[in-house]
Structure formats: C-alpha cells, structure tokens
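Multiple structures follow.
You will see two complexes here that share chain A, one where it goes with chain B and one where it goes with chain C.
Let's look at the complex of A and B:
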C-alpha cells in the first residue's frame, strides 16, 4: 500500500460573515485555483474528491451538492461527502489512495456559520431523545466541561486566559485569522463571563470559511512538490454520546487516536480546540510536552470555520513541512459536542 | 427563512420505559455491565455494547456536578427567564443528567448543591415532563405554572408512549450570489437574465455560482426570451402536504430558447394528456403590479401551438 502525502493547502479568510451563499461556491472557486497552482495539477488530474459540510449549518437539504459546481463536476467525477468536519473527508480520501484506487485526491470543507444561530444549530448534534429537546447550546455544553476541570483543580481561569493570549498573539502572523491581539492575561481575566466560567476569549468566534487540501500517493507527491508532508499515522476515535456518563475532563478518544497515529516526537501540533480548556485536555491526552509548539497559526480560537477548521489544522501542520520549517508535525480535528469525536494525523518529512 | 420540522422518534423498550416513567412522575435508569446506573438510561452499555435491561428507580433529588449560567435563554430552552444549566446526578444514579436549574442568579449556584425535580403541571411522557430543577431548600416555592407540555405523538387514551416528537425550528438568513441577484432583479422587470460561462460559453438560467463543467463563475449577462420547449415532464396525480394546485397537473422542465439548462415550472392551458416532450411553450406572466424578485412572476407556461421541436434538438439536455 502506498504512503500518502499532503501536497497542497489553501484556505479562505476566516471572517465573521461572508456575503456569499451557503453552498460555498464563491469561497471554493478561488481556493481550488490556488490548490492547482501550488501542485501543478488540474481538475482532470484529481482522482477523487471528498468534502465535509453540514445541511444544518447551511439551512438547506443536500447543500453539498450545489458546492460541486465549484469543482466543474461535468463530466461526472468520483466524489463523496461527510456530514462532519472535512478532516473526516480527508480520512476517506487517504483510504482511497491507500487502497490503490486513485493516486491523487482533493478534499474541501466549508461552512457559512453566520447564516443561522450556530450555538443553537449545534445543539442538534446531541442525543435527540433527552438532551437536544432541551436545546442546550454548544457554548453552555463547553462551559459545563470547563467547570468540571476547574472544580477538579486541573486548570484555572488564568490557565485558560493564557491559552487565549498565546493564540491571539500567534494569530498576528496569520493573514487568514479572524482576529488577533496582544491582550495580557490580567486584562482578559477582567472581562465579563459569557457562559460562566467561560469568557469571550475562551470561545472560538463564529466564522465563515473554507479550506482545500490536496493529497497524493508518495511517489506521485515527490514528482509534484519538493517536500511532501507524508502521513505516517492517522486515526479517528469516538467517545460515548452520553455526556453525563463521561468524565468530561478527559478525552479517551483523543488519547487512543494519538497513540495509534504515533503522536510522540512531534515538533508542532495544530489542535482543533474551539474552547481554551479543550486545548489543555488535548495536550494532556496527546502527551504534548512543553517543547511542542502548539497552534502557531493561532488555532481556531482566532477563526473557527465550521466543517473546514479541522481540515485546516491538517493543512497548517502540512504547510510547515511543505515549507521546510518542521520535520514532524501533528494535526488534530474534532467533531461533535465536548470533544466527542477526534482525529489525529502525524505528518513527516522524508528525505 | 424559518425552517421547521417535527421529528418523530420511536422510543423502544429502554428509552420508552424512561419516558413512560416520567409521565407517572417516576425516574428510572438502567444498570450497566459495570454496575453503574445510567440516568437517563442508555440502551447499550458504553463499554461492552451489551444490551441493558435491568431498570432501577432513582430519586428525584440529586447533586449538581457542574453548572453554567444562561443569562439570555434561547428559543426552545426549558425556561424563558435566566437559569443555570447543570449536570445533575440523581440519588441512586451514577451518571449525570443535563437539565435546567431555576435560581435567581449565578451566585446561587455551586457544584455539590442539592436540587430537586420540579415536575411539569401536566406530564405526557417526555424529557420536558421535568420542567426544571430547583434547590431543595426552595422546594415549596411558588414559581407559577410550568410551560405547556411538549407535543407527544397521538396515542390511545391510557396507552404507553411509543413515539416522541421533537419540534426543530431554526432561522437562517440566506444571501443570493451576485449572479443570482442580477437574475432576481431581472425578474422584477419582467426579464429572464441568464449568465454565460466564459470558458464553454454555455448559458445558465438561473445563473449559477460556477459553471458545473469548468468550475468558474459565469460572467456575461444574456437576456433571454420567455419562450422555450418542454424537455421532459411529469403529470402530478398524487396529493401531498403543502400542495398549492389541485391534481392532476403538469410540471415540466422548460428549456428557454438560447439557454443550455432547463428549469422546472408549471404547464397549464391544455389538457394534461396533451403535454409532450418537445412541445413549444410561452411564459404566462402575472399582472405587472404583482411582480416581485421571484420566478413566481411567471404564473405558468402554456403551449404556443407552434410545431414541436425535434427530439434530436434537445436530447442532450435530458
């Protein structure tokens, strides 16, 4: 089975609201052009296409079908879709190449979160019998998780603010970030609660955006780019949907995925943590020590396009290998409430 | 745009036992393979995937495991005044239940506090039969009537609940693309405006965000006539929810002269049995004063009486 590498990554600016449609076409057309330009491939060279998006975010049925226009899908193409973050579409594309069915694939994710009331829409990810009918919003669910860790002494509000401050400072170097800043920890702790114990800086902003990643079998990848980011491990796992039956301060699915993917020894980790305390959970579960550079892009606390943000973490982790600034990086993506589902990919430069 | 749908779900033997218990103001969990009692119950053990069948009645008082403050409640939540969300472990249970706690402010909440169920005035067999929780020390507080019971599927008087209904209502703001906007403004002036793909030169009506062959935005505006042909059609004989015309009637794909893509519209002005593939039709516009930015400005299409288009001329549009 061939190894698979990331050879291209493009993302739309992370913005509070785009004027475009919920089918993502306007955001995707320029990103696809950029991905072709990076890899020297054209639409005819792509063996498999896969996307991640959500009808609930778009507010219309089969919303991913309209996005296919951006690909130029006639004559018919080999295409698939997941109703999850596009990191899971990436996993499907990785499998297609591993199985030898194709040797290139293009993965994209998009979401216009601003079209609806996102934190209410996300309540519909919850158990539909006893939890979703109460409409607990995604921020409240995360706040319950954050307090569990505060009460257990696993983190303090200051720890959370430190995550936010570092993310904002790093985002200054990322032209795609929704916002950045140099606020100090004390200043952040002086702001009011949004969902006690979470403050504004603890919560990823509502963001519209899209991302595209191009994959190729390793041999093909070497012909196309100088330093392909070879995927040496990728795994996704899920925890029970029973929120009140889990220890919310832990994420066993992340730990299991990290072990299977080979998380040790990475220099950089791009973690998909839409809330500050979730970064702390992920770092612990992945065994990431003080020497690992976390979210140099600023992470999703500075721009969280639903259904594209996890894929963008893979893109950001790959970008450092493609650019020659790192040799071994980790990407993490999450989907569902309170870190329920988690994917870990480890990328490496091979000489 | 407001989108609503009443999801109906059958509850099965385990979840069904729980909701029917709620109707009787009784809370039952299920014992897992490790001996832990899950409340609300789960059908299968989260660790072994074993089917769970041993029911255990638990108390209606419990302990707050975690909480947060909902200062401005959202549509559909248990209380319309500010309240706390909490994970509550009921006495006798080993897992926590998510629900609302009614207290005046966040300063009244703390992890470890004792709370008790406030039952809905009318219980129907739904999670909302628990209206909310309140601190045990305010057990006898008079806080007014609870909100009306949620809808539960119709059932025989006295029969157990087998189905629960969850209404889902969401609001969205949809924006039209630049191409669609020009098309919609054209309709308000009685014009059919298509857009041409700069690569393959095909004309799309309505225009699209990108040409499905070339993946580039359509650009050049093309004004099209209101005549065309029927490429294919369907005689609707079946009544359905939301139907606006009495069956039988004909819906057809209409290919406007000069366009390369057909759209769906209504055919009137002839017997349904006379509608044919290739039939030439013309738009029947509503009175000018009723025009809006909508294809509804065209009430329907009707036959022109001119000779049919030969099959070969539209076969590639099918």
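Let's look at the complex of A and C:
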C-alpha cells in the first residue's frame, strides 16, 4: 500500500458574499489553475477527482454537477462526490491512491452560504420527525453546548473570548481571512450576546469560499514537490445525532479519530471549530497541550466556507510542511450539529 | 503504481426492501433497517462485525433532510464508526458500493456495510428536480422529457423498429413479476399492451417508464478471509469503473456518451474480459426508460453501434437468452432513485451467488452491475464473479 502525500493547496478568499451563481463553482476556476501551477500537473495528469458540497446550501438539487463544467471534464474523468465537507472527499481520494487505482488525485470543496440563511438551512440536518420541526438553528444548538460547559465549570466566557482574540490576531497574517482584529478579551466580553452565552466573536462568520487540495502517492509526490506532506494517519468517526442522548461537552468521535490517526506529538493543529467553545472541546479530546500551535491561519472563526472549510484545514496543515516550517501537523474537520462527525489527519515531513 | 496493491473484496450478503409508491408503514430509519437487517442476516454478520458504513442517495431535496446520514447514524449502527455519504446523481447507488469496496480494497477495513435509499413519497421528486437556478437552461420536462430526444435520435441513427422499446418494457415487467421485492409486478403485460399505453414524451410511452418508488438496498462487503467464509460462495469483485463528463457541450454524443464507453472499456480490461457478450452471464443495466436497454448494450460494448436493438428483438436479453438483461425486473419495475444503482449491483451479486430466487439465471458465474446518472454523464459499474479474480 503506497503512502499518500499532499502536494498542493489553493483556496479562494473567504468573503461574506461572492457575486457568482448560487452554486459558487466559479470560485473553483482560478484555484484549479493555481493547483496545477503549484504541482506542475495538468488536467490530464489527475487520476481521480472528488468533491464535497451541499445541495441545501446551493438551494437546488444536483448542484455539484455544475462543478464538472468548471473542471472541463472532457475527455471524461474518473470522479466522485460526497455530500459532506470536502475533507471526506479527501478521505475518498486517499483510499483510491492507497488501493493502487491511481497515483494522483485532486479534491475540491465549495460552498456559497450567502445563497440562503445558513443557520436555518443547517436546522434541516436534524431528525425530520422529532427535532427539525422545532427549528432549532445551528447557533442556538451551539449555544446550548456552550452553556453545558459553562454550567459544568469546564470553561468561562473569558476562556471563549481568549480563543476569539487569538484567532482574530492570527488572521491578520492570513490574506484569505474574512476578517481579523486586535480587540482584547475585555473589549470582546463587553459586546452583546447573540445567543446566550455566545457573542458575535464566538461564532464563525457566514462565508462564501472554496478550496482545492492535490494528492499523490509518496513516490510520485517526491518527483513533483520538494517537501510533500505525507499522511501518516487519517480517521473519522460519527456520534449519535440525539442531542439529549450524548454529553455535549465531549466529542468521543474526535477522541477516537485522534487516537487512531496518531495525534500525539504534533507541532501545529488546524481545528475546524465554528464556535470558540468547540476549540476547547477539540483540544481536550485530541490531547493537544500548551505547546501545540492552534490555528495559526486564524481558523474558521475568521472565515468558514461551508463544505470547503474542513478541507482547507488539511490544506493549511499541509502548507506548513510544504513550506518547511513544520515537521508534524494535524488537521481536523467537523460536520453536523454540535461536532457530531469528526475527521483527523496527521501529516509529516519525511526526509 | 499498479493494481497489485488492491486487495480482494467480495459481497458477503445483500438485502432490499419491498418497493412501493408510498411506504407509509415505515420512517426513513425503518426503511433503511428493512434492507440492512436483511443484508446482515444474508451475510450472517452482527453489528460488531461492521467496521464502517457508507450511505448513498440522490438529492437531499427529495426527502427534505439535509445530509440525512447524520440523523440516521443511530439507525445505521454507525455511532463510534466511520460513516461516509456519497452523492453522484442517479449513479449514486453504484458509486456508493464502489466507495465501500475501496475501503476493503485499500486494506482499511475487513467488513463494510453499504446502503442506499430513496423515500420519494416524503416529497415531490418533480419539484425537487425543477428548481430553476439562474443562468442555466431550464429543461422543464422532467427526466422523460430530457431523455426522449436522445431516444428519438437513437432510433433514427440505428434504424431500430419502433416496437423495440415495448419489447424491453414487457420483458422487464414480466421479470419483475418473478421478484417478490419489485414495485411493479405485471406477469400478463405484452408488447401490444405496452404499445397501447399512453404516449408521454414521444416516443416514450407510459408503460415504458420507471415508477417512482420508496425503497432501499444494502450490502455487506468483506475482505478475502470474509469472502472465503461465505457458505455457498461470495460474489467476488473482479473490476470496477466510474467516469464522468459534462452535461452539455457542442459535439457531445448523448446517445452513447464517451464517459460510458470509457468506463466500460476500463471495466472489461480490468476484469480480463475480451468478449463481453459471450463472457458475461447476466447483466443488471440501469434502464429507467425502455429504449435505454439497446442504447446501453451498445455503449457497454455488448453490441456494435446501431446493433444493440437486434439482441433485444431476437430475445437474447430475455431470461434464457444469450445475455439476460435485468432478470430482477430492473429500474422499470422498481425505481427508488438513490437505491436503484445499488439494486443493480446487488442483483448482479445475487446472480453469481446463486441467491436470485425465481429470477436466477441458471449457472450465472459472471455478472455486470451498471448505473448512470445526471444527463447520462455519470457512469458507475462493476463486474462480479462466483470465483476469485484469477482463479
């Protein structure tokens, strides 16, 4: 079984609204060109293509079909799609290389959240018979989760504001971030509640965006780039959808995926935490100590393109190895209400 | 980089629901469990044996649930396990099975549960397919209206007699009558009665179209050791293929898309098959409108271009013919869209396992499962055999 490495990453600017069509596939076109340029590959060199996106975000059935046009898929291509964050499309591409069917793959995710009202759209992920009819939106559910942790003494509002302040400060160095800032913790805590106990800074923004990641079997990767980011572990797990049936302050699926992927000893971790308190849950479940640099990109609190954000975490974690600034990094992606489903990948530089 | 890395994988068991226009007796979780429980019983496995779950279905708008795999995690027995959700339009049932197979072929898992479903009665599929996004050409005619010009073009190009579509419909519905799970079971249907049915989208008549069904299909796939342990023999995966092309562009051949031809060529090559018509014993081909049988026979390489209808006309695609096509009754007898492709793949497996009941093709050792979707642009297929590849 060949090992697999990340060899390229491109992302669209994270913005509140792009002017394109509701499916947002226009955002992909320049990213594809950039990914080819980074890797020296052309369209015909790609062995397998896989994408992650959502019909509900686009507001129509079969929205991913339009992306095939953006790829220029003729002659025909070997291609698949997951109705999930593209981090899981990345997993499918990893499988295809591991099984020896192809030796290169291009993965992309795209989402135009501005096409609808995201917090209401996401309520439709809930049990349609018992929960969705009550219309608990995604921010309200996250607020319940944050409140559980406050009541249990696991974190304070100040802890949450510290996550936000660090993320915003880090985003100042990321040209793709939707926003950044230098506000201090006291200043953030002086702002009004959006959904008690969550304030504006505790909640990821609504973002349009897209991301592309290129993979190759390790031997091939070494011919294409100087420092491929070799995937030494990748795992994912799901928890029960029953919000009242699990401890919302924990994420057993993250812990299990992290153990299986080998999360220990990483220098940098890019965590997909759309709410400040979720970063604290993830750090605990992954056993990330004080020495681990969390979300140097600013994380999704400063730009959260639905269905591309998890893949972008993998891209950000890989970028540090490709650039030679880290040797062992971790990427995490989440899906579903209150961190229901989680994926962890560990990337390494091998000399 | 070679296929030596690929590990053997097999179908250990299959299950499907009863397909009906409206399954008001079950919720979505109940529908899925009907298929899953049957597949797990057929495979003789328990929940502890399942390492991962892969779910497929067509658009979420059909049931009105965004990413339903999330709320279904409990019913799928997926809690604490990996769960993947695939969506590749109408080919999804097939590509879902292929993702599940790749988990075994990559050596990641020993046994994988895969399931596909559609509960079309939860909403209105025509509505779900008819939302008009800006800057795209509206079809406004449903799937039948979209495909009718392709059928007409096929007839003109091949010179096929006009009753061929009715021959296929009568055959598939009579086959469906042998399948206790089929939605439409019409043992008395005839070519004449099909030709007397109402014209819907010229040249496609009412009795030449698929129904709209609620239903699900599940399979348990396993590695070499698990396959070896199947009493009576597993269905071994000999080859898989997927190809995609854009919906429209100048010069696209919508009668015989290149994506389908390329996928078939790769499939036969990887399965070591040089003459599909003589080497394949049974074929479950995605035929939602009857004329797609001869069209896909040509696209898949069972017949030369323009010649597929001759196999149909001569009765070679009927049970007892040279290449029985859709012995289960096919999509024309049951069409839970997201599950329809997996049903083709599972029926192919049942044939080579000798478990196809009254629609068993005698001595079937090599079978094809085929699915397509979108505007005839997504193709997914596998070849399964009663023996391990290379044996």
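What we mean here is this: the second predicted complex is superposed on the first by the 351 of 351 C-alpha atoms of A that agree within 3 Å, B and C clash if a C-alpha of one lies under 4 Å from a C-alpha of the other, contacts with A are read in each partner's own complex, and residues count from 1 in each chain.
Just so we're on the same page, contacts are C-beta pairs under 8 Å (C-beta built on N, C-alpha and C of every residue); 3 or more make two chains touch, one makes a residue touch a chain.
The structure presented is a predicted model; accordingly, all values stated were derived computationally and were not measured.
Visitor: Answer with clash or fit: chain B and chain C placed together on chain A by superposition.
Guide: By the criteria stated at the top, chain C and chain B clash after superposition.
Visitor: Check the residue A:56 against both partner chains and state whether it touches chain B (first), chain C (second), both, or neither.
Guide: both
Visitor: Check whether chain B or chain C contacts more residues of chain A in the superposed model.
Guide: Here the partner covering more residues of chain A is C.
Visitor: With the two complexes superposed on chain A, say which partner A:133 touches: chain B (first), chain C (second), both, or neither.
Guide: The answer is first: A:133 touches chain B but not chain C.
Visitor: So, does A:210 touch the first partner chain B, the second partner chain C, both, or neither?
Guide: neither
Visitor: Once the shared chain is lined up, is A:121 touching chain B (first), chain C (second), both, or neither of them?
Guide: A:121 sits against chain B and chain C alike.
Visitor: Does the superposition put A:4 against chain B (first), chain C (second), both, or neither?
Guide: Neither partner.
Visitor: Could you look at A:107 and tell me whether it touches chain B, chain C, both or neither (first, second, both, neither)?
Guide: In the superposed model, A:107 contacts neither chain B nor chain C.
Visitor: Output check: A:25 vs chain B and chain C. Expected answer is one of first, second, both, neither. What do you get?
Guide: First partner only, chain B.
Visitor: Pick one for A:69: touches chain B only (first), chain C only (second), both, or neither.
Guide: both
Visitor: Identify the partner contact of A:193: answer first if only chain B is touched, second if only chain C is, both if each is, neither if none is.
Guide: First partner only.
Visitor: Which residues form the common part of the chain A surface touched by chain B and by chain C?
Guide: 21-23, 56, 59-60, 66, 68-69, 72-74, 121, 124, 128-129, 131-132, 240, 242
Visitor: For the complex, give me every residue of chain C touching chain A.
Guide: Going by the criterion above, the answer is residues 1-7, 27-28, 58-68, 70-74, 78-89, 95, 98-99, 102-103, 105-108, 128-129, 131, 133-136, 242-247, 249, 252, 257-259, 262-263, 374, 377-378.
Visitor: Under the definition above, what is the set of chain B residues touching chain A in their complex?
Guide: 1, 3, 7, 9, 11, 15, 18-19, 36, 38, 40, 42, 46, 65-70, 74-78, 85-87, 89, 95-100, 106, 111, 126-128, 150, 164, 166, 168, 170-177, 180, 208-217
Visitor: What does chain A use to touch chain C in their complex?
Guide: Interface residues on the chain A side: 1-2, 21-23, 49, 54-56, 58-66, 68-69, 72-84, 88, 91-92, 95-96, 98-103, 121-122, 124-129, 131-132, 217, 219-220, 235-242, 252-253, 256, 335-337, 340-341.
Visitor: Which residues of chain A touch chain B in the complex?
Guide: Interface residues on chain A, with respect to chain B: 19-23, 25-26, 29, 32, 43, 56, 59-60, 66, 68-74, 114-117, 119-121, 124, 128-137, 140, 143-145, 147-148, 151, 193, 195-198, 240, 242-245, 248.
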